[in-house]
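Two complexes come next, and they have one chain in common, chain A, joined by chain B in the first and chain C in the second.
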Partner chain A sequence: MANPVPSACCVVLAAVVMVYAQRQSQQDSPVQYERVGADVTMKCGSMDWDAAVTWTANGTDIDESHLNGSYLILKNVDLSQSGQYACYEGSSWHLKYQTSLRVGTPPKEPVLMCRSNNYPKGFYCSWHLPTPTYIPNTFNISVIHGTKDMVCEKDAIPKNRCHIRYLQLFSTVKYKVTLTVTNALGKNFTTLTFDEFAIVKPDPPESVVAKPVPNNPRRLEVSWQNPSSWPDPDSFPLKFFLRYRPLILDQWQHVELSDGTSHTITDAYAGKEYIIQVAAKDNDIGTWSDWSVAVHATPWTEEPKHLTTEAQITETTSASTSSFMAPPTTKICDKGAVVGSGAVAVCWTAGLVVAAYSVLFI
Partner chain B sequence: SPTGDSWGIFTFLCAALCNLPALPALNCSEELGAGQSIQQTYDLTRYLEHQLRTLAGTYLNYLGPPFNEPDFNPPRLARAERVPSATVDLDLWRGLTDNARLAANYRAYSRLLCYLRVLDRQVGTAELRHRLAHFCASLQGLVLSIGGVMSSLGYPLPAGPAAPPVPPGAPTAPNDFLKKMDDFWLLKELQTWLWRSAKDFNRLKKKVPPAVVTLRLEARGF
Partner chain C sequence: MAAADSPSPALRRRDLCSRGIRLAGKMRADVVDLLDIYVEQQGLDASASVAAVEGVPLAAVERWDEQTGTQRLLENLAAYRAFRALLAQMLEEQREQLGEADEGLGRALAAVLLQVSAFAYHLEELLRLESRGIPGEEGDGPPPPPPRLSLFEQKLRGLGVLRELAQWAVRSARDLRQLAKPSPATGTAPGLAESP
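So, the complex of A and B:
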């Protein structure tokens, strides 16, 4: 009786072993890096030039037109030609040579940026390549301060970033940061030289909130917080720049504030939705932060009068508002009909003032 | 009449309220004044920093290349150490007492002023001399202002420099290039001190007025 399970197991096992062996041999094979546009000649290991061989690219046979004897000729290589190349002896199909071809470019000058968003703790530098090389690159960063070499600790996330702590403050000597990028096809570098105070740029303010002010149709109350990355706002205070505009207009209005983390806009257009942003800067040095996340707010508006008239009709109990609000049908323009609680209050205060004066002078 | 009495009381109350800061002890206004003069000193450092930018630009152009190149970053020579440096260890700076903080500023600017005055005597063009003279006058004002803050807080003024840094007329440097380097570093240190002072006075602004009022009242047994 044939048991299907063990034989199926055997087949699977065999397949796994084969794949593993293939992968191992691939990993053991050398990697060959070539520039885009170069002409590549691959020799079939130790085979003679006139030996009969077959080349494959990623498992697919390569046409004989690309061969010069037993050499494989790839002219003007492009990125699509990266892959696994193998050479087999003609009849025996023995693997004689294999290589992993990676087509790429030498690195262009990298882009480097250094910034202190946590002054006076230190600064960070981040970098990237302007164009990809398609092959692995290593980055090396060096920081020199006068005669001293400083260590820039690489960040785990993001990878292309490192940070450094200031040991001294108020330095007259500049910092020189050099970034070198190397790959199998070449290397390149860039240098930044700067003063301690020149790279100070805080993060944008946080938790920006804009609220309407009750009973004030032209006001908006804006408040925000210092960026959390700024370690010592007491000794290193920030100043702020606020900009706002109604959504319907393109022109921004600006206010610069030397202290405090709130401001009341007093010239908003009634009823219009506003967009508001805030930026921060160290009081004395460096540059302005990026703009904060934009917040939207609309100033307070009074409830329209005709709605209360309708409410009056449907209301069963009369609220105090109805006795003060004049329905549109009555004579609003009548000189005698001064409506509203305001007028009543005026009368009372006038009376009190008169009384006070009389007490003083009599 | 009662009217006269009422008005009299009212007038007295007004006067009392308006002059309240001066009433309890004469020194009270001094301390509140200290807070104000710290603000004034801070403002002066900002003004001087602004003035220095123009002065330094003109002076470095007068020195010529490479001193007027923006990337010029020479190594610090030993002789340049005579100019007081604003550079300080971060924790040390944080831990400075108010007295030490003010004294460091006072000493630095007094010496920098001396050096600048020497420069003034040697400089070539009339325009530069005029600018330097103006700057020296403002810098003198800053030294006096810092001295004023220290006095109002009861701190002794640091002793002046032991001897003038350079006897007038004597050669300051073995050659012209080294002399120019000295000038370059002098301006650099001055610039650095001015932006350090802004931070020093920020710290003082936050700390001085309330603390000092309490101390003074305690001293008088209030």
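So, the complex of A and C:
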């Protein structure tokens, strides 16, 4: 019996060679780009119209109903008809023609955005197409400042972005950025014109932390850091906008802070979990950043007291009346919180109630 | 007052810089408001491009971060002296054109002119603090106006002046912040210890 191992090796080797040859031929075959909805006619190389041929699409024979003589007719092509097309002479199966058909669309007007998140170093522009073309596109960007052409250096990642270093600061001359997108089926472009200050938008603040304040049931201490992309916060200080709300409510409270990277919220609802975010803006120019990542925090609450018997209440009452004091959040006799003669009357009333209650339990 | 009670030069500089930054901020806000009034009253398009106007100091600068403190102060002083003369000229033209008919614009112009004068004086104080000679004003200010501009040309020129002044107000605040920074080596403000 023949040794099966060498036979198997030969089969594998033959398969590898075939795949390699097919890939090479695909790479070598010309690419034909057609618009979605177009009618496509493919000629079988130099074969006569009345020659007997076989067309394949991705290796599968194409039905003769799509042929006009030796020409392949594809009407109203769609994206699914992209692929490798080949034409073989009828009897000899010699390959006479092959092409890679790519069905796509010309580009629509691209979407372009420019922003400076690292002022005063420079700015970047990024772009994308509103709808895919399904075929390769080339993007070309030009930046003009007054009469001067500037080079926008393409970023490695992401690919649809480039950056420019400011050569001048404080200029009133506008920048004009034109992005042109081209593919085999057409081209399109868009232009942005802006001045230096208008596109300044920092990244959101980082490392936002919110903590309860011990023994303060209505306070939350919030701190954050300047975005790391902002190169010189000393010379180009940022101001901040803080927003917070309890999870159970929809309405935000807002606080604008002209300096510092911390703030104490003093009007939080006791015991309620809060959601807090911070945004940043250059002190003088530009627009606000996006909101930071949200953080959650709940103000400090007193440890719940254990339930006591009547006797224990009686024992403790004579020593202290602190257990009958209103909770801190509802301090109505707090000197700092009370204003006016009406409030004084409320204080006295509360005092009488407390005294009466004490008497009942003595 | 005994000499021991007067603040050190470093503290005085920081104080002057802080006040100057606030002045510049207020000035910018008022110039931006004035621009809105001016554009509306003069019937101009707010987005109209205005070519660089002769005699208007440009705020645009290359290598801003490499400037010395003295350069910053001198350039700022020259600019605000020029703006003082330009705004006075605009006010005069305004009164000629509209007389008392447009008091709002005239008042706003006069208020900004006052702030520009105050800021120029503030810069002189900073230069004095550094024992720098204050340059004379003979060479400053705009060149003699060209042959009488048309009304439209005057309006565009005014737009250019105010826009550039708004840029300067931002630049001045940045310049003063740079000045207020302590130098890591000497503890003095950067750039002021060295001569240009």
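For the reader, a short list of remarks on this structure follows.
Rule of thumb we're sticking to: the second predicted complex is superposed on the first by the 298 of 362 C-alpha atoms of A that agree within 3 Å, B and C clash if a C-alpha of one lies under 4 Å from a C-alpha of the other, contacts with A are read in each partner's own complex, and residues count from 1 in each chain.
What we mean here is this: contacts are C-beta pairs under 8 Å (C-beta built on N, C-alpha and C of every residue); 3 or more make two chains touch, one makes a residue touch a chain.
On a predicted model such as this, the values are computed, not experimentally measured, just so you know.
Annotation: superposed three-chain arrangement on chain A; chain B versus chain C shows a clash.
Residue by residue along chain A, chain B and chain C are tallied for touches, and B comes out ahead. Judged by the touch definition given at the top, the superposed model places A:N68 against neither chain B nor chain C. Of the two partner chains, chain B is the only one touched by A:T147; chain C is not. Applying the stated contact rule after C-alpha superposition, one finds that A:S91 touches neither chain B nor chain C. In the superposition on chain A, A:K176 contacts chain B only, with no contact to chain C.
Legend: residue contacts after superposition of the two complexes on their common chain; A:Q168 is shown touching both chain B and chain C.
Within the superposed three-chain model, A:S80 lies out of touch with both chain B and chain C [touch as defined at top]. Shared-chain residue A:D234: touches chain B and chain C both. Counting contacts as defined above, chain A residues 120, 167-174, 197, 234-237, 283-285 meet chain B in one complex and chain C in the other.
Put simply, chain A touches chain C in their complex at residues 120, 167-174, 197, 234-237, 283-285. Per the touch definition, chain A reaches chain B in the complex via residues 120, 146-147, 166-174, 176, 193, 197, 234-237, 283-285, 360-361.
Interface residues of chain C facing chain A in the complex, by the touch rule stated above, are 25, 28, 49, 58-62, 64-65, 163-164, 167-168, 170-171, 173-174, 177-178, 181. The touching residues of chain B, when paired with chain A in their complex, are 3, 6, 46, 49, 71, 73, 75-76, 85-90, 93-94, 185, 188-189, 191-193, 195-196, 198-199, 202-203, 206.
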